[in-house]
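Here come two complexes built around subunit A, the first alongside subunit B, the second alongside subunit C.
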Partner chain A sequence: MARSNRPVSRRQAWWLLATALVASLPLTPELPLWLSLAAGITFSWRAALTWRQWHLPPRWLLVLLVIAGTVGVILQYRTTLGRTPGVALLVVFLALKLLELRAARDVVVTALLCYFLVFGQFLFTQTIPTALLAALTVLITTAALLAASDDRPPPQQLLARAGLMLAQALPFMLLLFVLFPRVQGPLWGIPQDRFSAVSGLSDSMSPGSIAQLSQSDAIVFRVKFTGEVPPQSQLYWRGPVMPSFDGRTWRVTQTMGTYRDIPYAGVGAAVDYEVTLEPHGKRWLFALELPATLPPDSALTNDYQPVARQPVRNRMRYTQRAWPRAIAGVNEPSSVLRSALALPRDGNPRTRAVSASWRAQYGDDDAAILAAAENWFNQQLLIYTLNPPLLGSDIVDEFLFDTKRGFCEHFAASFVFALRAAGVPARVVAGYQGGEVNPVDGYLVVRQYDAHAWTEVWIAGRGWVRIDPTAISAPSRINLNLAAAVPAGETLPFLARSDLTWLRELRYRLDAITNGWNQRVLGYNPQRQRDLLADLGLNEPDWRSMTAVLSVLCGAVMLGLTGWILRNRLRVDPALAAWRRFTARLAKRGIAWQPWEGPLAFAERAARQTPIHAEDIRAIAALYVRLRYEPAPQASDLAQFRVKIARFKP
Partner chain B sequence: MLASLRHRLHEAFVRWALRVRPPEPAPIVLTQRRVYVLPTRAGLAYAMALGVILLGAMNYNLSLGHALVFLLAGLGIVTILHTFRNLVLIAIRPGRCEPVFAGSLAQFDLVLENRRPDARTCLRLFIGDETPIEVDVAPHAGTVATLNVAATKRGWLPMPRLTIETTWPLGLVRAWSYAVPDLNCLIYPAPAAKAPPLPWRGESGRGSTKDGRGADDFSGLRDHQVADPPRHVAWKAVARQQDGPLLTKLFEGAAAQQVWLDWEALPDTIDTERRLSILARWILDANAAGLAWGLRLPGVRLAPDNGPAQLAGGLRALALHHHGAQ
Partner chain C sequence: MTYNAAQKHIIHQSLRKTPTPMRLPELEAILADINRIILGKERPIYLSLACLLARGHLLIEDLPGVGKTTLAHVLSRVLGLDFQRIQFTSDMLPADILGVSIFDRDSGAFHFHPGPIFSQMVLADEINRATPKAQSALLEAMEERQVTAEGATRALPEPFFVIATQNPTHQIGTFPLPESQLDRFMLKIELGYPDPAAERELLAGADRHQMVANLAPRITPQQLIELQGKARAVYASPALIDYVQSLAAHTRTEARWQAGLSPRAGLALLAVARAWALLDGRSHVLPEDVQAVLPGVIAHRLRPADDSVRTEVGAVAAALIEAVPLP
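Let's turn to the complex of A and B:
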């Protein structure tokens, strides 16, 4: 009202500058350099304005600057939609709003912009440090809002008050967080820029593409097994299947789901587990071989790869069942088998010759040919290494006969090539192998350096059989891990190394905390909410019952806080309370305490009217005056006072 | 049309909100039943901002976005309570109110009492559309707030309805209450800018002025009486005789001159208010001149005298002339 026209004081300006700085600093890595610099200059300008008490820049200049900033953002991103341009625009507005602090209204607008920027941070990262930083920003922004109302208290007092208010807001936050009916986003299309730079398996494989991943310790997914964790050598996490080969690169051909139901049957015990998949921007879902169930909104391609309907853009959680032993594809359609035999017309003559010799030796017995191939690979003494030499045009020949050094993609590609050349259907399967169990929370963590490639061979009557050519030459890769398999001295990602035990311990703990955060806080979605409420006894919760419970609990918190607000009304000075009892007793005897009488005058009058009690009355009044009007009343006086009044029976 | 409807609705609300028939007996304690709370414009903007952030959080499935919105929503609820707490259970007692002349500002003093151990911050008080004044009240203490109201008419000016409000701490919510403290300001008639000269009666008075001796001619000393104006005390004489009694200087004029300020002395063509203005001017002039003056109004007679009590009595009689009770 009248107040919103009041000019902004220097202290308020300092507060807002601090808030704006804290809110925009964490975003600098996401912003173009020119914008960060411009924002820095504007903040310094604001500081100078406040310091020197200069006049604010004229309005036409600000309008020009806003237009310039907006045009700059549009030129940079070619759009104003999406998270990065949006956040960039917010920073432009915030920086220029600081130069336009004229009235209290501008203070509020600036504070709201800062709250928006806190949200902007979450568009990029939601880790625990981000959350802590955001909490700090909210605290400072709230203190700035406090300063907008009353800028006289010193900063620490404003921060303390802001902290108190936010602490009182926490119960509401927790209740709303748990009980507010959640909606599964997106409500409208998400601009594509949210998932620009995610590394991981791609839909093609050429020499070196998986070795490159082995340098990254980023987490791909976490798995929680319902029962025992299966042995390491069984942990084949099926990813993109690549049947197509052009002489150098293997590619995915099936991107659409064919089967809504599992087209094969399992043999033996099943394994149940839950996957928490980090967003990777692709549609495939990782599953332990072979998947026995499909996550919601997904289907199976005809080479048994689960794919989601939408690319995975948020951390995703799904429960799964796997059959470690399954008979799949016995009656495979001929089109699939044809594509599993296709080879380029020429190239790699030496391998083709070896394959032809197997075919000549074993005739139609595909199983015998497979055994021969495995045996032959074993005899070649191939070396598993992260740094294979570069290969020329005939990559299979050069690897098998000349360099003999390769990573898993070399092994898998060569093995499939050799079998196809011999006329046995085979294909490359990419994915992850193994993983590391975190002893702190029991989750199996699969990282990018667990990326692997293996093969599947089709044998009549047995269907698709998994063969891992890497295991033939370097069994420790499969039975243990990457670090155990590669020769000593090769550079490994920091987390893949097995030395430094204490560091490992620390890492386990940190990762368990991050995982707990991801599972409980970030992964709290409509499904989790339903499960949790069902656990709490709210069966089949719909938005109505949730809102009802929410209102009741919020009301209870409100009542508690209101009680705190009015508590002082109920807390009467004990001396006054006792004195009231005393006067009430005298009033019954017809000696009422008149409002204009001081306690001593009243006591004197009462003493004259009831001479028997005169001494008591005077003593009580003297004590009362000491308790109420002396600078430091004594507790012993109060006790004596109460006793005297309790004994006083006029 | 719309504005008048709004005004009428507001008045009806205030009547309902006050409940007690004004003026209210002191102290007026702003209990929780008479403190109202609504969001301010900034508060509505805050709520809208939260809505936008919530939509964003839903769209991008950001758990921390949800958490942020819910934390800020909690903050919004908490600030309602804090704002309410800042105002509730303030006690208002009427304070002093000095009489003023019509045409100047009547100043109503109110004592705001805080019985709580924490301070009340940034309470704004205003009457009607006047500029609010802002006060703080320390813990277990009282603060005097002075509210100005333009005095237009002579007589008693009851304190108009007071609005007391606060938007502290965050400015998102406004808590307010109304009160009509039992406080009246006496408004003297405005002294006429142009008035006939003082009406002298009796030759001595007129003569004394004419031969230039005036009120300042010293004629002797006598014992000091309470009603004597302090500036007539003979300080030099008092200082000379150490422990002696206070002495008053007697002046030729003061002793001899009496002036009657008479309602009837003015021509009949002058209307009542104008007459009172002229009389007010005469009283001020006579008082300034140190004359002993008396006042005759229909139904009122004030014996000639001098000094502050006489001045107040005379002006009061003018203010309340035919003004009903009090």
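Let's turn to the complex of A and C:
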């Protein structure tokens, strides 16, 4: 019977069931519930078939089920194209293929399907646990493939053999990873439907929108500073700027890509750093105020926010330079200033009255009005809290005069409103403030709960001046962190809390590992590859030289592995090797030595068949017996044996 | 080329009727004596002698009247061993084999009367006619080479050799031996009907009983013990040990048998192969020796997974030999 037609044994069926389970279980969160349930039922069916040794379902039923599954996927997604529908279809086919295990060929097909599903996992996440799980799946699938050819060894032996095979493949994997010419962009760049639910800054700000973010400890970006990390109070990561106000909500009105070059001059020392930005689905590229360089493929808006050409859908890395003390916007166009003064026609009368009093007192001196405003805010004894009371229609008045409790968006919004009411151009800037240095790898990690809003005020001759009204009332938010600023007892995200030091330590380490994975493995792009190859002495490699190096190294590894495998074979007894030469020569004459045949028995048989060589054959066999089966054979015996065989020409 | 076909091409050197020049003279004489009385049975005779030299016990399964008892008789005569025959019956008790203590009125004490087992060569005839109780008494004595009765342990004589015969198990009134007890026999052979020429010679020849009675011992029991020592000293090279091991290992992975060969079976295979080599006049074992004794070693040890099919021992051994390449 041909090998591929052998029936599938029970052990093979169990192996495949295990493989299919590990391959499809990690996908359940991505699949619709009905599909996971259906797959689960099919797997149980398969287990029952194997356990009870029932007959396989008839072919017409399988065809019906395949059609039903495909129609189900199409109804669910309206298409069979794309990531999730594709993976869902694969799961359908895998589950049903298990019910069709008739011959060894089906085992191989099923195992290959499982390999495919491992790719499916990577389309959804690329974290270290995913990679470990994928490695486990590959191991089990390989063991199942081994069982397809011989299912007798116990599972641990098959797994060990599969592990050995994968270990032999590992050097090639590493070589290909490091040296295969990279393409720009991530390997897993398919996701389009990924960021619908990612929380983060939005392009509008109303009371409560940033406070909401304070409950999330998701990482926004990581920063590696070339030099010292600047003090916490200077870490203002500029995000969307919001000049437009409708009485409740502040909005972005910026014109994208106004400046392709930096429109202001730097003052004082620059800060260099590298940002690794997590995908967030918007075009914003966060930069330390104020950006002195632009990341590739990006431009500056007319309010100095760097934006990329495409939404950030994959983790990206860019180097940046910042001028913390740049003077920007001295010659700001009047349209920008006009929008920085716009207010709704009415509302918040009490604040407007206070602002009017400043204008009356200081006349045209905007700087003096600013000072007065800061002073007045300080005297209002405002309280910084994550749980401000709900506000009615006049949000600025109610916050400043009645509730006096608010989060950073209340402070920034009220401050800008007050200044605009006094006729001083001002605007709200959203972004992130601060961050936390991971002592393990030195990266500064900025999380969603670092989201912040502050203000910029335009003073003639000085341009835009950053004023953080939160810092006036709650300086510890800026100098330390969120946990230090909010009153005790308010709920904070787990990671923002400052107690539980051991947990903190653990988190630092885990985060450093994750970051290392992101930077070195997932973020291994053409640039990194060039740098690494330059370090290895391969300057400015093009794809040709890289391919050449790759081929040479792969060849070297292949040789090494082959040598390692052959070492056992080369250790064959020299007498046996010579005996094989001898029998091969006789085999050409039609006298084939059977591998189980004793040497004397064979010699006797051969001698009868070619009587002219009988003497030689008997002598050679006697020497072979001397070498292999008698005690203490001498080296001279071996030499004589070899000579006799060399001279033996039947 | 199959094993059996290859065997047809060559007659194994050991089985040639002509004297083998390297063989020890006393063994040559013994074989000549036996072959003179039991005609056309060179191979079973060879195997039984090899079994004796390997200090093992022999099981013969065959129909009545093919010469089982004669073989035992001849062996004991030419080897100079004292001989006892125990006919096993269904009402037999262990004491009938081992012996009993009887109160002696004169000395006022119990006196042990040794049973027939206290003999250098014991023929246990139709062992599967006895109940398991009696069977196990014999088999324990075989294994321990001593008898414990009424608190006292008594050593059996040296050399000690049991030839048990059993009727084919499908005959009525038999208690088949369990596998664990069968394993204590080093070899199981079948004699079979003689070929026509041998049978004609037997019919024409002299009375076998007379011939046996006239046989003179060729060696003393002491010499036999020395020969057994020589057999044990036959060299088995690492390559040969590997071969024996792979044969045993193969039976364990193959699904066609209920259970593979036990390590004791592996030891038996090597021991008999050594004795076979000694009979052939060699001081080292060859794969041919192992292959020659393999049918006798596995005959009562490997049971096919499918019990309903009766397979020829020779075919089973040949299949095993062909499946395992020489290392």
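As a working rule, the second predicted complex is superposed on the first by the 560 of 650 C-alpha atoms of A that agree within 3 Å, B and C clash if a C-alpha of one lies under 4 Å from a C-alpha of the other, contacts with A are read in each partner's own complex, and residues count from 1 in each chain.
Heads up, the rule we're going with is that contacts are C-beta pairs under 8 Å (C-beta built on N, C-alpha and C of every residue); 3 or more make two chains touch, one makes a residue touch a chain.
Remember, predicted model here, so these are calculated numbers, not experimental data.
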item: Partner chain in contact with A:601 - subunit B first, subunit C second, else both or neither; value: second
item: Which superposed partner A:625 touches (first subunit B, second subunit C, both, neither); value: second
item: Partner chain in contact with A:459 - subunit B first, subunit C second, else both or neither; value: neither
item: Partner chain(s) touched by A:177 [first = subunit B, second = subunit C, both, neither]; value: first
item: Most subunit A residues touched (candidates subunit B, subunit C); value: B
item: Touching partner for A:532 - first (subunit B), second (subunit C), both, neither; value: neither
item: Footprint overlap on subunit A, comparing subunit B with subunit C; value: none
item: In the complex, subunit A residues that touch subunit B; value: 1-4, 83, 104-105, 108-109, 112, 115-116, 118-119, 122-123, 126, 130-131, 134, 138, 142, 145-146, 148-150, 161, 165-166, 168-173, 176-177, 180, 182-188, 190, 194, 314, 521-525, 554, 558, 561-562, 565-566, 568-569
item: Of all residues in subunit C, those that touch subunit A in their complex; value: 1, 3, 6, 9-10, 12-13, 235, 237, 239-240, 253, 283-288, 291, 321-326
item: Of subunit B, residues touching subunit A in the complex; value: 32, 40-42, 45-46, 49, 52-53, 55-68, 70-75, 77-79, 81-82, 84-85, 88-89, 115-117, 121-122, 124, 126, 131-132, 167-172, 174
item: Touching residues (chain side subunit A, partner subunit C) in the complex; value: 152, 573, 592, 594-601, 604-605, 608, 625, 628-631
